[in-house]
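So, here come the structures, one by one.
Both complexes shown next keep chain A, but they swap its partner, so chain B is in the first and chain C is in the second.
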Partner chain A sequence: MTTEIRHTPAETAYIEALAAGPRSAGDAWFGAERAAARAQIADGGLPHRRMEAWRWTDLRSLIDDRFPPSEPAGAQQDITSDDVFKSVERWVVAFVDGAYRKDLSDLPDGSGGIELHSLEDVLDAPPGWLRDGLGQAYAQEGEPIVALNTAFVTQGLALRIGAGETPAKPIELRFFNSGSQPQTSLTRFAVVLEEGAALTLLESHTGAADRRYVANTVTEIHVHRNARLQHVRLQDESMAAVHLSNVHVTIEGEADYRGFTLSAGARVARNQVFACLAGEGGNVDVSGAYLLGGRQHCDTALLIDHAVAECTSDELFKCVMDDDARGIFQGKIIVRPDAQKTEGMQMSQGLLLSERAEFDSKPELEIFADDVRCTHGATSGDLDEDMMFYLRSRGIPENEAKGLLIAAFVGEAIEKVSNAGVREILNAYAVNRLNS
Partner chain B sequence: MAAVEETVKQVTDLGVEQYKYGFYTDIESDKAPKGLNEDIVRFISAKKNEPKWMLDWRLEAYRRWLIMEEPDWAKVEYPRIDFNDLYYYSAPKKADGPKSLDEVDPELLRTYEKLGIPLKEQAVLAGVQGAKIAVDAVFDSVSVVTTFKEELAKAGVIFCPISEAVHSHPELVKKYLGTVVPVTDNYYATLNSAVFSDGSFVYVPEGVRCPMELSTYFRINEQQTGQFERTLIIAEKGAYVSYLEGCTAPMRDENQLHAAVVELVCMDDAEIKYSTVQNWYPGNAEGIGGIYNFVTKRGDCRGANSKISWTQVETGSAITWKYPSCILRGDNSRGEFYSIAISNGRQQIDSGTKMLHLGRNTSSRIISKGISAGKSSNTYRGLVNAHRKAGGARNYTQCDSLLIGDKCSAHTVPYIESKNASAVFEHEATTSKISDDQMFYCRQRGLDEEEAVALIVNGFCREVLQQLPMEFAVEAQKLVGISLEGSVG
Partner chain C sequence: MLEIKNLHVEIEGKPILRGIDLEIGAGEVHAIMGPNGSGKSTLSHVIAGRGGYEVTEGSILFNGEDLFDMEPEERAAAGVFLAFQYPIEIPGVATMTFLKTALNAQRRTRGEGELSTPEFMKLVREKSDALKISQDMLRRSVNVGFSGGEKKRAEVLQMAVLGPSLCVLDETDSGLDIDALRVVADGVNALRGPERGMIVITHYQRLLNYIVPDKVHVLSGGRIVRSGGKELALELEESGYAAYEADAA
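After this line comes the complex of A and B, so read on.
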């Protein structure tokens, strides 16, 4: 007896979009992957809780309406009020409703070895360096939400920093969703740091208050030998939105990738990071903080793959959940058979501020080499009574004491951001959010 | 230095033998036809002369099992089991049940003597003076003898094979059987419910502290025979019982299935301590043969202030799939899980625990030590969950893995779910190898490589070994040494 799978409205919308025919941009060389991704969407739909990686985030029930893929024409929108990194001097590449907006961007002037293309322009005839780098993400993981992106995406950016170059300013990818109609904004990024290059890449994700939309981004990053990338993301989507982000990083020998994500917005957020340490002496640090309230749901899924020897990885997640919020952390470290002398550390901590909040974690180690040092820790609880007592006994009112402790809790993760200006913005952002 | 000498002596004493319980006893046995169908279930039930309600229970389980699917989420690999190519019942032949030890087949007695299990009441476990242990010996599908029954009965403790309890205490069996591990709990538990043949039944009445350690010794002897034992332990209000379980099997080229179910019920203020030294035949170095050990063990802390403690030393079996769990239902109840899992050769272990915090102020502690050597794979898989109403729940988990050699693997898969703000959960895990410094220190003091490893490993496991009743601690410590033989150099 076979039971027929009933598609949810969201799945139906995607499947209908598939029927509308393939999107042209990129089909020339991206075609095989795109066809496989389309088949997967038609076949499997959205991920659900019977899939191990999605046991706590059932997108079939969490995305409860039709959100067809966006057409590449963003709404006319003033997005200056949402400029979260205002005080940092940087270049900006703007995307509104999933469409690249040159008019709202402040593009680099070509100095500092920066090469930048709108994906739309280059997808049909990509430069060599892009051809190798882009599109691998789906082939490797077969992830359902990467499939969604691969099947429909036409917008995005290809960014390359030349060998040995360090741009004078950070580059910000700025995302704004107007939610003027329920839709899925899909964007894709290829970021390549050539040997010895260094860059700070910022991302801000915001949206019109309480508007419903789905934002789906896939970023493929290749950090070549000796290069360094600091990647800071601030996610403050509309409280009715669904945010699905995927970062795929390959780290070559002696290279460094430091990623940090502050998750404050969105009704449902899922951050996936797949980091592969592919050259000896590589380092990866993936950290983050959650500030959740109401009925928010935020899930981070990490996969740190130590493919070669002598690499280090470090993850720290500090998650604050209030009201009915639910925070989830799933981190997996794989140490491959020849990856000797690996050091892997992982820590996830949940702070529950309300009786109804929930924190689930699954820190996983999969180790096939013997000369390694890997540890993980996970804790969950409410504010420490002794600490509260200490502050109260020194005359600090309850609310203030609470605020101090929470800010300090989250601050430990924000400390990981090395750019001082950006760190200050994140700290201020967190304190501001906690006070409201 | 005493500890060092002891370890060194144990390792040398044990010589080169890899698995010393691998002999086969040639004893005439009474078997059910090969295969599994309703008739086999009826056959087993009839052999035990069971009442109708028991048969119906089995048949219901069998029908459910037919539509269930074999679980595949564990990190173990094995060829598909042909459930129709197994004997589900095998018993040593006998005219009538033995009335006393003197009537037991001497061949069987010799087997247990060889295994070091005292079946004579005056006998004591090797190396331990003055300790009394009541033993229930299960040989293939039946219990052959239970010792110290009378002395226990004086204290009001019921300790007998479960097949006997179905007749002598049907009201208790009916009341508790399947209430902790429901018939349809999982594939192997359901299979067990349909075809279980024997196992131990323990009932400790209110306020009684069981006067001696209880123990069951499982032996698989026959070829192509699965062992499906079922154990049910009930501790009434304020009672205490400590129960030990041991197991061995002959060395064979084929894989044999062992699918047991253990249920513990703990009422107000009661405590059950359950210890296992699992030493089934692990297969040879190339991974040929060995027992598939698919076991469901669960304890239910039903009453307030109750406590269940699981201690396990897992050294045997080709595949271990086992998650002794605690349901902490009563307020202030406590669950503990102490485990040493050692894998060598091509053994695969996927083991861990579940702590389900339902009541208020419940606490649990998990200490798991995994040691992998050779080409083995060793996984800790655990769940700690606090229900919405489990205010004040507390858990501490520590999972350490030790890797010996570069062909083995160690995995840790914990799930931590907290639905209550006042629940405090802490989880720590580490994976490392024996450090060169430790080895150098030992070698410098004249220990050879293997002795040094045994010493360091014993230290690594100490926290768990300490939890074992003394009678077992000695055996377990030796086992740790043997299991790792040949893993270095």
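After this line comes the complex of A and C, so read on.
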């Protein structure tokens, strides 16, 4: 018996784009991966609720229209009003509708050991480190969001910080989607910190108000021995957009990766972080906050893999849901048989501001070593009545009291960001969002 | 200033206050004493406007206005302050931010201008020095990690900064050693004045050695069963509440 697979309009648009003609640039480099990704899209389509990892975020129903892969944008686009990190001194690499825009960027001057290439420029002749690196980061094989990206992507950035170097300023990857037509913008990033390097990498994701589009980014990160990466993302897409982001990170010995994501925009957001602690003494922190209202849906799925001994992992998510919003947190930690002396801490907390809002949390520990310390917890509740009364009894009006408590709630997660200027921006962003 | 008339209050259908009559004039300090479960804390919470209490009869007028028509924040702006028996910890909200937000919210409600940051800092420094509250404590989250004594001193600091006309102190002496008690009492006494009324709720007479009341009331079984001058507190210290508890039952 054969079953006819019925594709959704979104899947059909992608499959038609595959048929319309392969994007051949880069085939000499990752043609095999691209062919596999195309086959996966053609056969499997979008992830759906019958796949355990996607049970809460059924993209087949949530992406409810055709969003074909975008063509490189030509139009000049004013994105100055969306400059969320403007008070931080930093370099900027801009992407509009998924296309690299040198004219809107403020590129590093070549100091601080920064090597940077637009992906498009090096597709046919990648430097050695990139050729060997891209597509190799942890846990990519068969991952549906990676497949979507690999099948179509031509835009993105390759960034390498040389051994022992610390650039003078953070680097921001700035994404703007005009949504001038329904389409999917796809970008790919390779970030390599060589031994002993240190970098703050910022990302801002914004879009034209209420425009419909799909934004897809895949970032592959390799933090070599003794290197430190702080990676802060502020997602404030159009409230009608779909945001799909993957981060794949490999952390070598004595290295640190600290990722933080503030999720405020998008109708549907799915953030996935796959982190592998591959060298002893490595540390990973993946944290975030949600500020959701209306019918927003945000799902974070983490996989933290302790492959070796004496590493630490921390996750703290503080999620605020109002109206009919739905927040989801899925955190899986694997502690391999060799990963003795592992320390893992995971906490997810939902704050529900309406009776219709929902928070689902699924911690998952797979521990195969015996000498480890792993804790996890999940809570969900509404605002504390005692705290509310205390604030109001001091003369603070109900709405202002709520705002203070909510800002304090997400502030606990924002504390994880070590760059003070960036932390202030995130806190102010949260307060403004709550007051609007 | 405060007129409580025939106040009956229930919690989940259970009567707690059963006909309280009490008048506090400006400049007066009244102590309310009584055994556990007599309704002392309920009275203080109802004055401040906490939810969960059902007023089945009676009224409270504050400067002629019906308190039951006012939200907790409106009562605060009008001059009502409750010093909590168990001050609430609020992680993530710095004490200084909290104080400034509260003071400026009250000033806005009263149609007064907000204080500038330097004006506010000067006011807080002045009041906190007197209460031996460090600048470090003010930077910490509200009541988080404070000792029992620090929490009570912080309550008195809030009172001093907000400058209410009616202070209700709910068992402010509980959990304090003698040195802390003295600091807190000095802080309270500094706020006594001809324009300000106070209700000091306590189980023990000890606090009243330091905050000497004009009148003492004994609350038992949800009623004021006896009123007198400050000597009544001493008498209670001798005889205990047993006689009154028998009365109530």
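Side notes on the structure shown:
Criterion: the second predicted complex is superposed on the first by the 426 of 436 C-alpha atoms of A that agree within 3 Å, B and C clash if a C-alpha of one lies under 4 Å from a C-alpha of the other, contacts with A are read in each partner's own complex, and residues count from 1 in each chain.
Simple rule for what comes next: a contact is a pair of C-beta atoms (placed from the backbone, for glycine too) under 8 Å apart; a residue touches a chain by one contact, two chains touch by 3 or more.
What you see is a predicted model; the values in this text were computed from it and never measured.
Shared-chain residue A:Leu353: touches chain B; no touch with chain C.
Of the two partner chains placed by superposition, only chain C is touched by A:Phe409; chain B is not. Touch criterion not met for A:Pro9: it reaches neither chain B nor chain C. In the superposition on chain A, contact is made by A:Phe389 with chain C only, not with chain B.
Considering which of chain B and chain C touches more of chain A, the answer is B. Shared-chain residue A:Pro363: touches chain B; no touch with chain C. Touching of chain A by both chain B and chain C, each in its own complex, is seen for no residue at all.
By the touch criterion stated above, chain C contacts chain A in their complex at residues 48-51, 71-73, 75-77, 81-82, 84, 87-88, 90-93, 97-98, 101-103, 105-106, 109, 141, 158, 162.
The touching residues of chain B, when paired with chain A in their complex, are 73, 388, 401, 403-433.
Interface residues of chain A facing chain B in the complex, by the touch rule stated above, are 52, 337, 340, 350, 352-382. Taken in their complex, chain A has these residues touching chain C: 385-387, 389-398, 400-401, 404-405, 407-409, 411-412.
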